[in-house]
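See the structures that follow.
Each of the next two complexes has chain A plus one more chain, namely chain B in the first and chain C in the second.
What follows is the complex of A and B.
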């Protein structure tokens, strides 16, 4: 492909990229604003409580109605690779009650849009850019083969390999330049925020490495087909198979073979445990509670009527009764992730997507880490409130300032999946490049 | 007419003589069978799981000991989103909407454990389903098989011969279109075959009977799905032949068609989703809850009998019964207060939720508008609705779950009002026999008539697109003949 159509392809790719950047910027802004508004929302809540309990009230009441926000600061690259962000929330509000039922709420979203998928730069670089590259380079040799000028070309250049290499490299360079321009545009857009410079470099180089694989594949296709029609059909066939069908099949196979029944089990069991405890004799259960809470010995006995100590102990016992399930829920999800990674070795776009989202901290793993931090914060709430509740303290609005707050958390650092498979697949594709075959016939 | 059928037969024969077509058919069938089997297996196991927990929860509800009714209202219940028997064909938004909702007094919890929440980032590249094979993939097959329909004849010089032999341009065009339709029939036919086979294979094992839509409706829905699939395929046949008749070379025709496919299946749907959420952003959950909390604050706390917001209410009630103190009332004031509070909180929630839903409606409207550019979106719309896995069905379910929640909570408040004495409110228990009076949650999916009414625009879009292309061809070929 030459001349005008080359520029059309590149312009389309660039336009798609700019569009994704626009969406990404608005997506990122929304997330930042959501987090920025949290303190105000928390203060508004505390003001309502201060108004309601102006003369002070039991610590148990304060704890019951105080929800405190936990969040994960989005990584700047999250604007470019949205990952699971639309279905896994950045923000979780927790109260002192049982933790498990508070962890798994879906964010408010339109399922129809979520099902359609995101249009982020990762999509443009991982899905559309390879298509552009193939469109530009599939006929590197077949355009001459179909005109009969191939032997001439080979004679002039001293073999077909240099011609093929030069043409593929030119196409790759054009596409890479477009991607680099998009990258620069994204930097300008986000106010030249290149602070996680290493992350940014890894991010962009992953995308470039991925395109290298496609260039190798393009070379293989170009050296195996004789007419532009055939090379185009083969190239786009490969593209559809690798980019659309293979990931779709792998994803279906993964969700079919890794069901996660723990979610339902956990929800149902937690509630039952919580309410069963309420009907049982209190002392033995309370002893069970204290066995892991030696720090509150002054509340050895519980009376038969309602007390906050007992109420929160019950919540904790319910959490404990499903702690194994909660662990195995996360474990299952991690297992699924490991298998996704393994299978993605055979499917470069999947591997790239995993890498880009891991670097941008928008993968499942970073959500699981977020959940662990929520757990830790919930524990802080317990450490603060339990002694007050056990001592039957009355809290005044002024005491609310000492309630534990979640400390601003940086995005977790995660090792992204290795990119070696990309290199190996590129080499494998290059090994089947035999342009001289085209001359043989 | 005779030439037309002859051309059509020739075209189909020619297509199937190619090895590539047969290989393609093999691959298509392979993907279809894999999609049907895996999807069925997954949906069946999901449904079995759900059934299991549903029964467990029901049993646990019935076996509750003597409890205070308000405790039972907080014990609450679960609404499991029923899996449509057709979800194995088109899972639609099923993975995004969550599987279970905890229902209790005073609050409307979110749906939990959406499968999409457990997916890795690579999962966002999409999941194979029979509906994907029947829609986008079949469209791709049509483009691949048919891109040469005209242009190949032109390149090989056959076109001139055919025209010289007296085949009219119209007959030639429609003959090609007919031929391509014939040629893809073996592909299209595999879709219902695989679906029925997978259903028979798995339903025999699962022992699940379907109450969501009756079995007649199931068959009818299946037939309508087939019809929609054929209409969508027909549109792609027309587009393919049109592009092929206009293109200069086969490569050009193939490149154009594949770019169109890429736009229709990958770019436009995602772009529409992105645009919709950027143009009409939804409030975040934090914002929603903050608004809800500030609205609720205005109402007062129904747990607190001395809340000033309820004082006038209390005075009115005392006057009505001619009582001096709450203990003298023949009914339990706390139960009445709870009922009042529940009524108000759910009104507030409804109002807030309908604001959110109106934003979602705007988003959906934008997607529907964009669907004029991508027939795949129309196909998805029809197929999700027929399979009962669309957002409308999901919202209907949410509303039914909320209505049911409101019903059982108010029933429990009534039990508290009538059977628990005000003075012994904190110690008295209600006999467990009362729990048997509560009915199970039986959500009803939108009926076929509603589904058809809702998907009318999508049918219209597909049909109109076919008509427009057909008449454009009529005009164009007519002009060429006179020229």
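What follows is the complex of A and C.
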């Protein structure tokens, strides 16, 4: 193990890790603070409405202007694996209007920055740590082969396998120690808020298992190449293929196999349906609306002039017109997730990312579950307001206290993908380790 | 001791060793003389277990290196033709490192003692290997053999590139080791030192042991004549 270059690689890895922790802590804190401000923002909004409708007004007005916030509280580990949290809207303000456009209404972000992905600790452990390990261990034997020390080395050790194993293990230990230090730093940084110790330990052990695969690969490379230049080129080639090309190929294949309608498409179609309904005869559409609203038996007729009942019915009809598309959106995303998990058996960094994000509740499934909760909250708004609107009720400021509010329970969780493939791939890589070939050559 | 019995090996269909048999008992020095490509290094690689012969029987102190290379190598000290060590480490660090790999933990005092015994001065021990001559590097390798208390010593062209004084000192050291019971097999082109410093001499030609003599029975001139006789 070369002295200076080893420490430079480890220091660079540690520095990258600390930088990612800083970004992660800031990301997590910002999200928490923004969520913490929501009750006050909601109260301020309701105060404005109370002032405007101090003497009471139609329920339709109250429903139109009342936006209730929905959010997903970040799990403490979300600071270490951002997953889809940096691209999905943090807060969705939901009104009684059509839901679909509201779900995909997010603050504008720089798409180029978003395409780069987050520089979180999961990235450092999943992408940079393997690179560091390969840099430290790729020439575990080729350095000796090029210097001529290989025969003497093999003659002392009873073979090259023990030497190779010891050197790869030393490199692995150094990288693992650096990762463990980063993990400890993350605990300190977050004020020891990472309480779910089991999650936290699983998180780190997943990263360790992933590094085990790379160590096995490093051993295979070291035993198959005879010069440091060849081993470095092979190691970097493998790294680029596994962390860049393979996930890109998987993504391309999945995008082609499971095309997912864009949120924008859903929004446009919903709005189009809404506008078309304006110009159509009201009664047949209203009858269609009532067919799924048996709780409104008294609202059979709809007048020609504007009524809130008709207005919200149009919104619901517009939502219904894209309901199949919306279901297909979630279903296709879930199918993609399932296939991503299956294909990640061939791509350890993908599997690690999936595991880390699932444990941190920042994966796609957590987001889809959150969207279902938002839908459920929207449904609660309908259940509360529709009867009041249909009955032409006037609401007073005091009635606002009974408006449904979103309550965020513990972040949803699904079991993370199994880590068995990491072990199997490590064994597969070890099976092609044949250091004796170097001596025979 | 070293026993080779009817060893044959082919590379890409070309015979490199054919029915090679020889024995080196404990306490004896056997020198193998042969031209380039005669199969000397291949023979050493088979004894070390780096290569497996196509046929024949090999024993190193009773152990078959083809089946149990680690056990066999534990009994062998091998000094390649060009002793390559780590240039960024000192002589004593190299010795300690390689001995450590072989499972011998040496104290600083033991390391110095071993280096002194092979003729390296205290001032040389902490110097980096980059500043060592070939003879000095060879002495470090010999110190390694001493540290491991190897019962079998293999040397590939040990006197190539050594000045006469260093070659003579090497011969003295080898004689000491053989008197302590080591079986020593060396390969060389150096007729002069071979006839003076060994007990048995074999001439390897075309992968076969063409002739074998007691070193005491031949002068260097007679050995040269035997080696250069029409083939």
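Note that in this section the second predicted complex is superposed on the first by the 421 of 441 C-alpha atoms of A that agree within 3 Å, B and C clash if a C-alpha of one lies under 4 Å from a C-alpha of the other, contacts with A are read in each partner's own complex, and residues count from 1 in each chain.
The working rule: contacts are C-beta pairs under 8 Å (C-beta built on N, C-alpha and C of every residue); 3 or more make two chains touch, one makes a residue touch a chain.
Computed from a predicted model, the values in this text were never measured in an experiment.
Contacts of A:237 after superposition on the shared chain: chain B is touched, whereas chain C is not.
In the superposition on chain A, A:291 makes contact with neither chain B nor chain C.
Residue contacts after overlaying the shared chain place A:407 against neither chain B nor chain C. By the touch criterion defined above, A:163 reaches chain C but does not reach chain B. Between chain B and chain C, the partner in contact with more residues of chain A is B. Remark: chain C residues 45, 48-51, 69-71, 73-74, 76-78, 80, 82-86, 98-99, 101-102, 141, 144, 148 touch chain A in the complex. Chain contact summary for the complex, chain A toward chain C: residues 147-149, 151-159, 163, 436, 439-440.
If you check the complex, the residues on chain A that touch chain B are 16, 19-20, 22-23, 26-27, 30, 34, 37-38, 41, 44-45, 48, 52, 69, 81-84, 87-89, 91, 93, 101, 104-119, 123, 127-128, 131, 135, 139, 227-229, 232-233, 236-237, 240, 244-245, 247-256, 259-261, 263-265, 267-268, 271-272, 275, 278-279, 305-306, 332-333, 336-337, 340, 344, 349-350, 353-354, 356-358, 362-364.
Interface of chain B with chain A (complex): residues 31, 34-35, 38-39, 41-42, 45-46, 49-50, 53, 56-57, 60, 65, 67, 71, 74-76, 78, 92-93, 95-100, 102, 109-129, 132, 137, 140, 144, 148, 249-251, 254-255, 258, 262, 265-267, 269-278, 281-290, 293-294, 297, 301, 356, 360, 363-364, 367, 390-391, 394, 426-427.
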